[in-house]
Every structure is written in C-alpha cells, then in structure tokens.
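Look for chain A in each of the two complexes below; its partner is chain B in the first and chain C in the second.
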Partner chain A sequence: MNAPDNTALGARTMRRLYRDSVALMALASTVEKREGVLRVGAVMATPANLEILDRSGMKPADLVAAPDDLLLVVRAVDEATVQEALDAAEAGLTSTDSGAPRTERAPQTVLEGLAVGDRPTVAAVSTPGTYAPIVVEQALREGLHVFCFSDNVGLDDEVRLKQMAVERRLLLMGPDCGTAVIDRVPLGFANVLAPGPVAIVAASGTGAQEIACLLDRAGVGVSQLVGVGGRDLSAAVGGLMTNLALDLVAEDETTEVVVVVSKPPAEEVAQQLLARLAALGKPVVACLLGLEDTEAPVVVRGTLEGGAAAAAEMLGRSVEIDEASVAAARDAGTTGGLGSVVGLYTGGTLAAEAKIILTRAGVAAEILDLGDDQYTAGRPHPMIDPAARTEHLVRAGARPDVGVVLVDLVLGHGASHDPGTPLADAVREARATAAADGRELLVLGSVCGTAADPQGIDGQRRILRDAGVGLFPSNAAAARHAAALVNDQRTAQEIA
Partner chain B sequence: MITGGVRVLNAGLPIIVEGVPSVDVVQLDWRPPAFGDPDLARLAVTLDDDATHAANRIALAAVHAARPRLLAVRPAREVVPGLADGRILLHAGPPIEAKRMCGPMRGALVGAALFEGWAQSPEEAEALLDAGVIAVDPCHHHSAVGPMAGVLAPSMPVFVVEDEGRRAYASLNEGLGRVLRFGAFDQEVLTRLGWMRDVLGPVLDGALQASGPVDVTSLVAQALTMGDEGHNRNVAATSLLARRLAPAIAPLPHALPVLEFLASNDHFALNVSMAAAKLALDNAIGIEGSTLVTAMARNGVEFGLRVAGTGEQWFTAPVGPADGLFFPGYGIEDANPDLGDSAITETLGIGGFAMAAAPAITRFVGGTPDDALEITRSMRRITLAPHPAYPLPPLNFSGAPSGIDVLKVLDTGVLPVINTGIAHRQAGVGQIGAGIVTAPPEVFGQAVRALHARRSAR
Partner chain C sequence: MPIPTPPSSVLLVNKEQTPAPSRVRVPLGPVPWASGSHEIVHVGQSALLLARPAGAAGGDLLPVTSRARGLVPGGLCIPNEQEFARLVRAVTHAGHAEFSHWQAAPPADVMVVDLRVRPQVVQPEAVAELVRLAAGDAPARTVSRLMDPRPLRQLAGPLTRAALRCETTQLGLLLQRLVGAGPGATPTGDDVIVGVLAALHAAEGSAAPRQRATAARERLSAAVLPLLPRTTRASRHDLTAAAHGVFGEHVHALLAALVDATRVPATFASATGWGATSGVDLACGLAVSASTALRHRQLIKRRPVSSTDTTDRRSA
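On to the complex of A and B.
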C-alpha cells in the first residue's frame, strides 16, 4: 500500500497506556469516519504492530515508542485534520458508556405474539390486503378466530380461508369487516352497547351499527355482533361464515333473537339462508336491504330501521322514532330545500338505506358512499378522517340544483374522536355559500351512536344542531323527510 | 361464545382494538413477511403445517443427538472419501469452477498443488486448475469443512471426528498471518504445511491414540462458559484442548515445537468444532419435508445454503464483504467477499448465534454485551429450539439458539448472523479484520420455493 504524497501523517504516543486490540480497532474505525481522514491506526507499539504500520505507509519516520506504549497514527488530507483526529482518538480512549439495557422487543409475527403471556383467542388483521391472507392463514392454523379489517383481499382467498375456518369451527369475520362485538368486546368500528338478548350477524358494518344503536335506544342490548364481510352472501362465498355465525349464536345462551343484516344475497344463497333461518330455533329477523317486508316463513325487513323495530317488537319493546323528535327536526328545516337530494355518507349501508327509501318514494337522488374504494384511494376512511367529506359538502353548497344534503355521523370505538365539529364546519360553509347565492341548503341527518360511546352523543348532536343540521332519530327518518320535501315541492309545482 | 374469553392478537392498526381492555391485547410490531414478497410468503405459510413441524422435530432431534468425538488426526487421502486417488483438491463453500474463484481461494489451490508436487510453478498450477487436470470440489461434498479458502489436499492431515460410526473431517489450523487458507503459497507457507504433515499431524494423532478420544460437545460447551462463542473466539476451547492433550504430547518426539504451535494459535480448536458441527448437521440431510438449514458456506463469490428437506442441493446468491473492524492499515476496500465453511458453527447454533457467551468480542460488531445478548435473542426468533448441550450463562443457562428454520427466517425477516474473519482480496496477504455478515435473503426464498415444489410433486 503506497502512501499518497499530498496527504499528512501524524502520530501520538501515549506512554505506558494499555487498551486491548479490539477496543483499539473499534476506536480506529470510529475516527476513520471523520471528514478528511483517510486511515487511522490505533495499536500497542509492539514490533509486530510497527511492522504492519510500516508496510501500509502508516509509520512516521521519526517515531519513538516502546512496546508498552499506545500509538495513535492518522493519515488525513491535511495537518489540521490529522491533529483534530488525533485529539478525537485520544478523547475516545477515555470515553465510557452508560451501559443501559435495551428495551424489550415487541412481538412481530403471529407465532411470536402467541408466545406472549396468556394465549390470544382472536386475531385482528388490518395489514395491507396483499399480506392479509397470509396473516389470516397463520392465525387460523393456530386455532384463532379472525377479525379481518383488511380489504383488497381476493375472492378466491376469501373462499379458501373461510372453508379453512369452517373446518376448524373458527370465525373468520371479513375480509373487509368493519365491526364486531364478541362476548362484549368491541373490535373495529364498534359502538358501546349494553349486553342484551339480540345477536346481529352482519354482512354490512354500518348496517349492524345502526340496528344496534336503534335497539340501544329502545333499551334492548346486544349479545353478539358478528361481522362476516360484505361478500359472504355472494354466490361465490355462499354464506360460509353467515352459516357458522348462525350456528354459534343459536348455541349462545345469552342470545334470544337473531338479526341477519346484508345487502340482498345472491338468489340461490337467499333461499338457503331463509331456509336456515326458518329452522334456527330462535326468533329471527332477516334485514335484507331493499327487499319487500314479509312476515313468513321468516320476518324480512328491507330497511335497517325496519329490522331494528321488528327485533325490538319480538322482545316486547319498541324502537320509537317518536313523532316529537321527528317534528322538531322537521321544524328545524322545512323552509328552503328547493332542489334535488344529495347524500354524503361515511357509512356504506346507511347510504344504501337512504337510497332505498328515496327510491321507494319515487325520488331520484345522488347518494355517495364516501367510504367506497373510489373515494378512499390513498386516504383514510372518512369515519377515521372526517375531513374527507368536507370538500364534497362545500361543493354541494355551490350547486344551484341541490336543495337537500343527507349526512350521517357514526360514533363509537375506532371512529374519529370528534367527527361532529368538522362536519358542522363544512355544513356552515356550504349553507353560507348557498345563502350568498340566495338559496337555502337543507342539511338533514342522524347520529349513529349510543349514550355510552366515547365521543359523547349529546355533545355531538348539539354541535350539528348548532350548525343548522336537521337531526332525525334514525337515518331512515331523515331520508323519509328528504323524500317528503321533494314530493311536496313537486305537488306544489303541479298545483301552480 | 369464544372459549377462554376474547384476548386479541392485533396485526395492524392499534385503532382496531381501541375498545378492547389493554390487558387483553397483544399488539404486534407487524411487518411484511418474506422480505416483502407476498407470493413467497404464501408458499412459506403453506409449508408451515403439522407435517413440516413433525419433520423438523425429527431433524433437530437427530442433530442434537450427535455426540462427536475427536478420534484421530490422519492424512486426508487415508480417510476423506474421494481423496485416495487422482488429482483433486477440496475448497470451501458451494461448488465453483476454478476460473470464477476469488484471489485467496485460487492462491490456496495453487499452494496446495505445489505442496502436492503436482506443479512446479504457480503458473503451471493455475493452468492445471483451469484445464481441470486438477479437479476441485467442495469440502462439504466429502464430509469435510475448511475455514476461509478451506483448501484440503490429499497429503494434508485432518481431524477425524466420529459419532456412531459416522465421520467428518477438517483441516488443521495453520495460525494467523501468511497462511494457505488466506491464499498465501510462498516457501514459508509450504514449509509450515510440510511440518504440519510430517510432525504436527503424527504427534497429535499419537497423543489422541494414547489419551483416547476427546468429547467435542463437552469441549465446546465448556468453552462457551469461558467466553468463547466458538467461531471468532476460540481461545478457551484451544486452551482446553491443549491442556487435555499436553500430557500425552509431552513424551512424544517433537513435543516442544508442537506445544509451542498450539500455544501460539488461538483458533486451533475452531477446526475441531467445525468438523463436529458438520457431523451433527449431516444427520438431518435428506429428512423429507424438513425446513431446517443443514449448511451455510461461502466460497468468496457466492453464499451457499442447504436445507434438510432438499438433501444435497445448494441455494446460492452473491456474497459481499463482512462489515467489521480492520487491522491497522486496512479497510473495506481491501476486503475479499466473505468466505469459508466456518458458518457451519452458526448453522449448529454457536458462533454468532452464541454471541451472548462472548462479551469480549462484541466490539467487533460495534457493540456492547447488551448487543451480544440481543443478537443471541434475535437468533432465537429464527431457530427451532435451544441446543440442550450448550447452555449460555448470560441468558440464565438457556441453550444456544439452534436449528435455523427457513420458514422462520421468511416470517420474521431476521437473517442468520455469522461471525467471520475478513480476508484480503489479494491472495496471500492474510486476515485483515473480523466482523459480522448476515446470510443473503435470496437463498431462503430459493429454498422455500424448492421445498414447496418438492412437496407439490409428492
């Protein structure tokens, strides 16, 4: 190794100082990282070490050192850098470390997590969808029930994993399952519900939440809320998990009444489902959105509100959509509202219910589910980040053709800590924009939540009312009123 | 409804379990498995079932059951399979043609050819090697292992390690400095090799015959309690071995130079524990369905991995130089890509895996004794069980993490840590540092694909 001519070499001898070779190599490595330093030697000045330094052009010509001396040698771009590096090296010889122990590592994998403390019984999976099937399969293999919040999981994976789960008599809630309450423990977006006699088996997340909250208002508690994922009653999945969930709630001693909530199932699946429900051995409400209400062989309801009411009635209670509160909401917003209806929803099933009610009333409306993939790409779900709805609401306020906006507000675990305030701000801005244009924009809605939810339902309601939102006791009631407003306008125009 | 109550393992967003009492939540620090390759992760999960677990139990039990004894020191040609006739030299790592070898390995082969008298000059030796007149083959294919270049020639003496009638072999360690295993082949090197052949080998063999076999498991276990990790630090094991043999060496001719040689070579026992590790791990070769790693070895160009369930197949990927500390006057630019069969120690569960036992050398990896504990703990995450014969005092006598499972490597993304010496890239310069390498991730992916294909074919 040749020593370059345009560099500086410097040495420092520490008389009778001893450090072991590993410490010295570590020191040399550290000092060598300094700017402008080319090479560092830190050695005991034994003849063997001096020979090594000499071979690599690192031995100063005028060096005087005894074998029990410690020698620092630095080659660097200039003399100043050499001296600074020697100072640093000398300081490094006496530095100490506090030796504080490292913190414990959190488990990373399913298997590692199972080795921590008491064995878990349920795995909650919200990894990116690409990896979710892998984690779910590991969890099922280990005998865990699974709550799979992840979406973007392939249908073939869903079928395969649900078959695997059914073989093991394990729940696989999801993929794309938003809510569950199992043995009183809430997972995902879940309202704080009193324990009670109704089990809800849900292929729709906010649908289950709305039913549970309406039951809560009627003083009826929930025993289990089992999400199964939105595709469970499709022809491909064939209700694999709905069937298992029904088995479990049928056996569950705390359950007296069972509600199944879903978008309308595939035809062949629907027949099997209704046959299964008719033979369940417990009173059942099939809340299948958009279907006609029927009473036999199974009670079928086409709206969430209808499903909740039927279940309450089986228990001798009633979901009071009391006239007084509907009237109060109506009074808050009957003037104005001239124009069409736009729905800006964070809950997919609430959006679907509104659409059904408006359609049944013969009112065409633009109902958007802002939690749908096309709106959430690259951003959080609007139930987590309520600001996502603001721009849609403000835009609606600027549209002269829009007279009524329908909104929802979902409370509970998982939801934003104060979803009301950003919605209220957006409502004020939209209404002000419309007012500046000489129009009145009506905003109607409901709060899906219970008195025990962490956000405080009364405070959230007040925030919305103060912003001029006409608040109804249920999503269905708000939608009915929107439909009535449009139909009244039509009648008025026809008379005129 | 849930037997045992709801206790949640949360893989993903903490918000999902916001409503669950925190005592009933195990929050994972979840990361994408299989180094972020979802297709590979699927294959790994498919393999991770009862059949594989059963195969791994059998494989690991076979490895742990081995009790290798150092039996003899004999010329390689007498004992190593395939070395009795013809011109053949063995080398470290997975197979590689002579033309593609790194400097130190070619240097060592040239030296071995000169030593055997097969060539009269280095140029002639290189020509014979390139032409295939002198054949080359991995040590691992001949029940043998060798550190660094790992070159073994028929007339060199080898350690003979035996258990239940099965044997494994390793060369004798030459010491540091200008030595064949770093590619040096000058007269000093050849003279020392001649002395090892004519004096050291026969004396050690005589001593072993007089004193009886040495229990290598016990030797290594004791050294682990004395500050060795069994790969980069062997001073305790070497001292124990020398002490054990000294009384039997003393009466023999040439006793003093032999004892002086042992006294001056801190790594002398490494080759013994390497042969013993090889013997133990070979017990698992070919156990159908097992995902246990049976060998990790480097040839200075490629890293090679073998897995029990795929028998003698090698999975290879390019290898880089070790990250470590360099002797004065040398730096990373001088370093040869990693080389040697000595990672057989980590494959068994000592070396880097037993770092906790050797606080004295943790500064080679820029660390403290805490880091040493952490390295050993992290190796637990990718191994099947503690080695019952190798309790580590700093970890409350729990055994060294033993038996690398390729499925666990993919699941955790944790790569095996290997302690290693660093060779100069030019033949013959010698060791220029020491440090740590991790196995390349690719080889574990290849192994899982091959295991999966093999299962699908069954």
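On to the complex of A and C.
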C-alpha cells in the first residue's frame, strides 16, 4: 500500500473469479460513494488493465495477479477506509457464494428457486422484458404469485398472463410493478411500513409509496400494498388484477380501509372500478390522479396527498401538512429571480402529481419522469443510481429560463443507500452555475420515506437542506409552492 | 391475505450425469460436448461457462447458453428455458458437468447453426445510425474513469484504419492497448476487437476493393492471436472464434441491422442489455469499423497504398 499524496491505496485479488459485468459496475459505483473513498476499480487483472491502473496511480506496487483474477482496487483518505471499502466490496461479490468459488449459488430460474427454497409462494421477476413472460408463465404454472418488476412486456402477454393468474386466483403484480408489500414482505422499491389497517391497491409505484409514507406520518400502518402494474386499468387489461387484488383485500381481516391509486383509468374501466369499489363492503378511497375530488358514491381524490388524507380521516387520523415545516421550506429559498419550472423526478407518479397541481394552478412546467423507459434504457433506474439525475439537474442550472426545479427523493428498500448525497452535490453545482450567471436557482422537493427506512430519513433531509433544497412535507406541497411562486411573480409583473 | 402454498416442486435430476435436453442448437462442426468431467468456470443468468476436459477437441471452453443469450461459438444453446434450468441445476449440484451419456443418447433434436459471418452489402444509413447511437451511449456519471469504456471504444476507428492501411506497428500498439483492457469478464477492448473483426468480415461485401478488407481482417486476426495470453479465459474464447470468422448470434443480430436501417434502434436497444457494457462495446467496434471501411475507398484514392502489406506508414 502506498500513499503518495496523503491518501491510501489498497487492492484485493480474487483468484479466478468471474462476475457479471453489470454487478461489477454497480459494485464499483456503490463502493465509490462510501464516505472517504476517492476511486474504485473492479476489473480483471489483465496486463492492459494493470497498465491503466498504473497510469492512474491505482496500482499497488506489490500486486501479483493473473488475467483471470478479479481485482478490486480502492483509493481512500486513509488505510482504515480502504480496508472497510475492500471488505464491503468483497462481501458484495461473494454474498451469493457458499463455499464454492466461481459459482453463483443463487437460484437462476423459477424451478431452481422452487427446488432450493422453503416452499416459496411469490416469485419476483426482473428479467429483460422480452423474456419476462416466459418466466412469469412458468411461475404461475407452478402456483406462485408473481411480482414482475420487468418492463417492456407486450400488452398481449400482459393480458394473457393476467387472465391465467386470475383463473388460478394468483396475483400477477406487474409487469412494470415498482412496489409491493405482501404480508409485511417488501418487494421492489418498498418503504419500511408499520402494519396497520389500510390496504393499498396500486397501479402506480411511487404513488403508493407516497400515500403509504404520508399515512405512516399520520400514525396509520398498512396491511397490504398490492402493485398491479401501470397498465392494469387500461381498456385492454380491464383491471383484471385490480379486481383480484380487491377481492383479496376485501377478504383480508386486517384491512379496514382500502385505497386504490392510479393515473386516470380508461373511462369504461373507471366506471366499472367505481361501481366495484362502491360495493366492496369496506371504506374506500379512489385516488385517481387528475380527477376532481368527489365524495359519493365513492370518495375520489385527484392527488396522492388528498388520497392519503382521506384514508387517514376514515380512521380518525389526519395527514397534517405541518404549516411550520412548509414555512421553513419556504424560507430555505428566496422568491427572487424566478423563471420557468422544471421537474426532475425519479418517481413517475410523483412527477404526474406535480404536473397536475401546476396545471391546475395555470403554471406550464416541464416535468420529466427520469424513471421512464426513454431515460433508463441500459441503465439502472434513477432510484437505484441517483446520479443518473445529476446531468439533468446541472443542465437545468445552466439554463437561463429555469428558475425553479422540483425534485423528489425516494427512500426505502431497493433504493440507493444514500440518494441524498448525489442529489445534494448536483443541486450545489446547479445553483453555483446559476449564481455565476447572476441568477438564483430555487430547488424544491420532498422526501418520500419513513423513519424506519434504511437510509435514515432525518440524515437524508439534512443533506438536502444543507445543499439549499427547500424541503416540503409532501410532493404536493412542494408543487403547490412552486405554482404559488410563479403566479406571485406573474402577478407582480402584471402590476409593474 | 390468503396466499396459497404452491405444490412442492421436485426436480428429478440425475446428479451424476448431466441430463440431455430434448432440443439443442449447436454450431457447424463436431458436436460440442465431449466425454469427461467439465469444470464449472462460471454460472451466469443466461450462460453456464464450462471448461472442457484437457485434451478435448474444440477449444478450452464450452459455453452452454439459454435462448435469451443465443448460441455462441463452440457452445451449446438450450432453447427450452425449463430444460436449461434443469441442466444448470444438475451441473451446479454435481459441481461439474458430465456429457458422456450424451454420446449414446444425444438430444432428440439437434439444430446445427452456421455462425460464420458472410460478406454482405451494408446500408450506409444503417451504419451511420448505429455509429450515432453507439457514440451517444454513456455510462452512469458515477462510474469511475477506471471503469469507463468510452476511451477504449474510441480506438475502433484507428484500429480499423491501421488494419486497412497495413500499418503494422500502429496495429500492434493499438492491440496492446485494447486486448484485455477495460471493465468486464470480457473486457471492453476485447469486445471492441470482436466488433471490428465482424465488421471487416461483413465489409468484404461492401468495401472496394474487396481484397483490401479481406487482407485487413486477416492482418488483424493474425495480430490478435499472439496477444491472447493478455486477456481472460472467456475473452480468449471469443477472440479466437472471431479471428476465425465465427461469431455469436448476438453479433449476427447487429450485422443484420447493418443491412436494414429500420432494425438498428431495436437491435441497439437490445445490445445495451448484453452485460454492463459488452453489447455497446461490440456495437461500437462493429459500427465504427464498418463506417471506416466504407469510407476507405476515398482514402485509397487520396493516398496510394504500398505494394507490401508490412509497411508501417507512421514509421516510414
């Protein structure tokens, strides 16, 4: 180990170890984010790679390795940090091994999983979309419920597989299902939720997360969170899985209130859904984004915040958007030098909610869902790799027409272990770029998470506040404030 | 919520011998399975990498792939997902693969696939589109420079030019930089070379004169082979096959897109899912090389080429 510039360098050689390159890239990216770590490499120890490491000052002097060895190298602020990072990287590489080097021991197929598992009941499918139907069908035929994270699955396949699932009274959550919590087991992106009386049936992943987290803040737990995939309430799919999920939560003794959350369904499906909900036999909130709020025959709310508030009220609780915290968030930014509003979201439904609120307020805005297929082809979802949003944020800071940027930060299982830091770094860079140009960039947002989430919600909020982000108690509150700022400015300009 | 317990699934596998699937796809030539114990090199999502017994014909490795991965040189593709799963499970349980009984009772349906690349007339618009898409691909911002494949991808053009212009010293220097370089079990530099070789094979149907592309491909192949000890076992397998004009079905898919521009976006999108960077590395090598080969006619007109194939213009 050497330390030519007061930093420390260390390496670990894994003899004749092959690992999937996706896993290696993700591992290097994750370890590089650890505090005190400066650079990380996870490469095969070929002569060419050793030369690259040497030129980069990343090759320890005493290194001995062969081309079929996997090499981990870490440069960090001190030796202890190097060793901790190497330990973490090695643990990440070998977590699926159990004494058999060079062989991944995790089940590779549904049949393998069934053979080695302890009577599993749910299969989680996260293959490329082209192949997901094969795996899903296999799982259904084996009597498993399916959580299908894969996207880009054909609509015909979705309909066929959901019909097959309904015939077997099995849940097919997805395709493109981001979140679920079944019998307290989190699947996909899921917050750590206390058990409670509300069941959420969701055709929208981050929509369900936002509602669950707002309920959590009101002291209301969740009995089941069943994702059904974003197309389930389309005319083609006809709510096949929503109906089955409603059957199940209606029978579920722990569920007292049911929330259905979705972007607006197809008209004919909406009518059937509302009729079904009216006859469910339990209090229901239909949170259908963009629709007008109504009270009968079913309680309908057009925002996530409204849906959560209505469900909490049914249980005698309230989702309070604390005025003091809103005021604090307002104080974090100023109201001067505004331009247009840009939304850079990792959560699609949070983006949709912001757009609805801004549109209702008469404010045109450019709201991007960076988790959409067009931004994620070949890359991790921005909730897994939050740096994917960085370039967009930095670019917004350089745009003279942009005055307000809306962001979200989603915590929980499946999300990055520290999504706040890269977002905060990008915010600082964007704000500095704008400031250098004589402008002030206002960044407003909210954190979708619970106190029990592994990232630590208080720490994540602190990181964002320190970077100058105006944090609001809900995504809706942040969007409302952005709309109010733009309208105030518009009014002021008209008066002038 | 009442969640039914699934039937307990029992896989009846013979742990001593690797079960023969009903249907397999194999490359042209002798059947890839051999007698003797095959050591497990790697078990991946869609491929099982086995080491052939010492002395067995057909190279060092036997890649057994699923339909998702497609057939690769010297390999064995099992299109039925359940049968692939059963074989992987049997092999991982046994700790090795044993195909001896396949000699007596081979799979009922053996489809032979010719993985050799043929010269083809590429469509310049398709090449340009693939170049544009490949050049626009960027890894996540957080990827360390050590893991960034882009500097290596940029060598595809110079490598092709050096091969076409008979610049042997430059060719050697570029290969020293590329072979075994970059992230992945098949490092980026190797995937780029495989892409360049595939393009030069295909370009023989487009470049003029054809003999020049043929000579460039032969020159590059000959220069790569001595450098194989500088890279990984998996890459050695791929590069050896590519040097002999044999490529995996995923490479053939990219080549097919070069004759039909409408297929480029979907094919490239698919390539982005082949490993973390391998698909784009291949696409980049292939597209840039094809583009360079197409333009080479003009280069020839402007710049007469030496009558010998060993002149290094840079050093001359």
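Keep in mind that, in the parts below, the second predicted complex is superposed on the first by the 385 of 496 C-alpha atoms of A that agree within 3 Å, B and C clash if a C-alpha of one lies under 4 Å from a C-alpha of the other, contacts with A are read in each partner's own complex, and residues count from 1 in each chain.
To be clear about the criterion, contacts are C-beta pairs under 8 Å (C-beta built on N, C-alpha and C of every residue); 3 or more make two chains touch, one makes a residue touch a chain.
Note that the structure is a prediction, hence the values are computed from the model and not measured.
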Task = Tell me which partner A:A28 touches in the superposition: chain B (first), chain C (second), both or neither.
result = both
Task = Would you sort A:F149 into first (chain B), second (chain C), both or neither based on which partner it touches?
result = first
Note to self: A:V166 in the overlay: touching chain B, chain C, both, or neither? Say first, second, both or neither.
What the structure shows: neither
* Could you say whether A:G414 touches chain B, chain C, both of them, or neither, answering first, second, both or neither? => first
Task = Would you check which partner chain A:P47 touches, where first means chain B only, second means chain C only, and both and neither mean what they say?
result = second
Mind working out whether A:V192 is in touch with chain B, chain C, both or neither, as first, second, both or neither? first
Which partner does A:Y131 contact after superposing on A: first (chain B), second (chain C), both, neither? both
Looking at A:R19 after the superposition, I want to know if it touches chain B, chain C, both of them or none. Which is it: first, second, both, neither? second
Margin query: After the superposition on A, what does A:S56 contact: first (chain B), second (chain C), both or neither?
Written below: both
The intersection of the chain A residues contacting chain B with those contacting chain C is 22, 25-26, 28-29, 32, 39-43, 49, 52-53, 56, 58, 73, 102, 105, 108-112, 114, 119-122, 127-128, 130-131, 134-135, 138, 144-145, 182-183, 224, 248-249, 252
Chain A partner, complex, touching residues on chain C are 1-11, 40-45, 49, 67-68, 81-82, 84-86, 88-89, 92, 95, 137, 139-147, 176-187, 189, 229-234, 269-270, 272-273, 275-280
Chain A residues touching chain C in their complex are 18-22, 24-26, 28-29, 32-33, 39-44, 46-49, 51-53, 56, 58, 67-68, 73, 100, 102-105, 108-112, 114-115, 119-122, 127-128, 130-131, 134-135, 138, 142-145, 169-170, 182-183, 224, 248-249, 251-252, 377-380, 385, 387-388, 390-391, 422
Chain B partner, complex, touching residues on chain A are 1, 22-23, 25-26, 28-29, 32, 39-43, 49, 52-53, 55-58, 73, 97, 99, 101-102, 105-114, 116-128, 130-131, 133-135, 137-139, 141, 144-145, 147, 149-150, 182-183, 185-188, 190, 192, 224, 248-249, 252, 384, 412-414
Seen from chain B, its contact residues with chain A in the complex are 1-13, 15-21, 24, 26-33, 38, 41-42, 45, 48-49, 325-331, 360-361, 363-364, 366, 368, 370-371, 374, 377-378, 381, 408, 411-412, 433
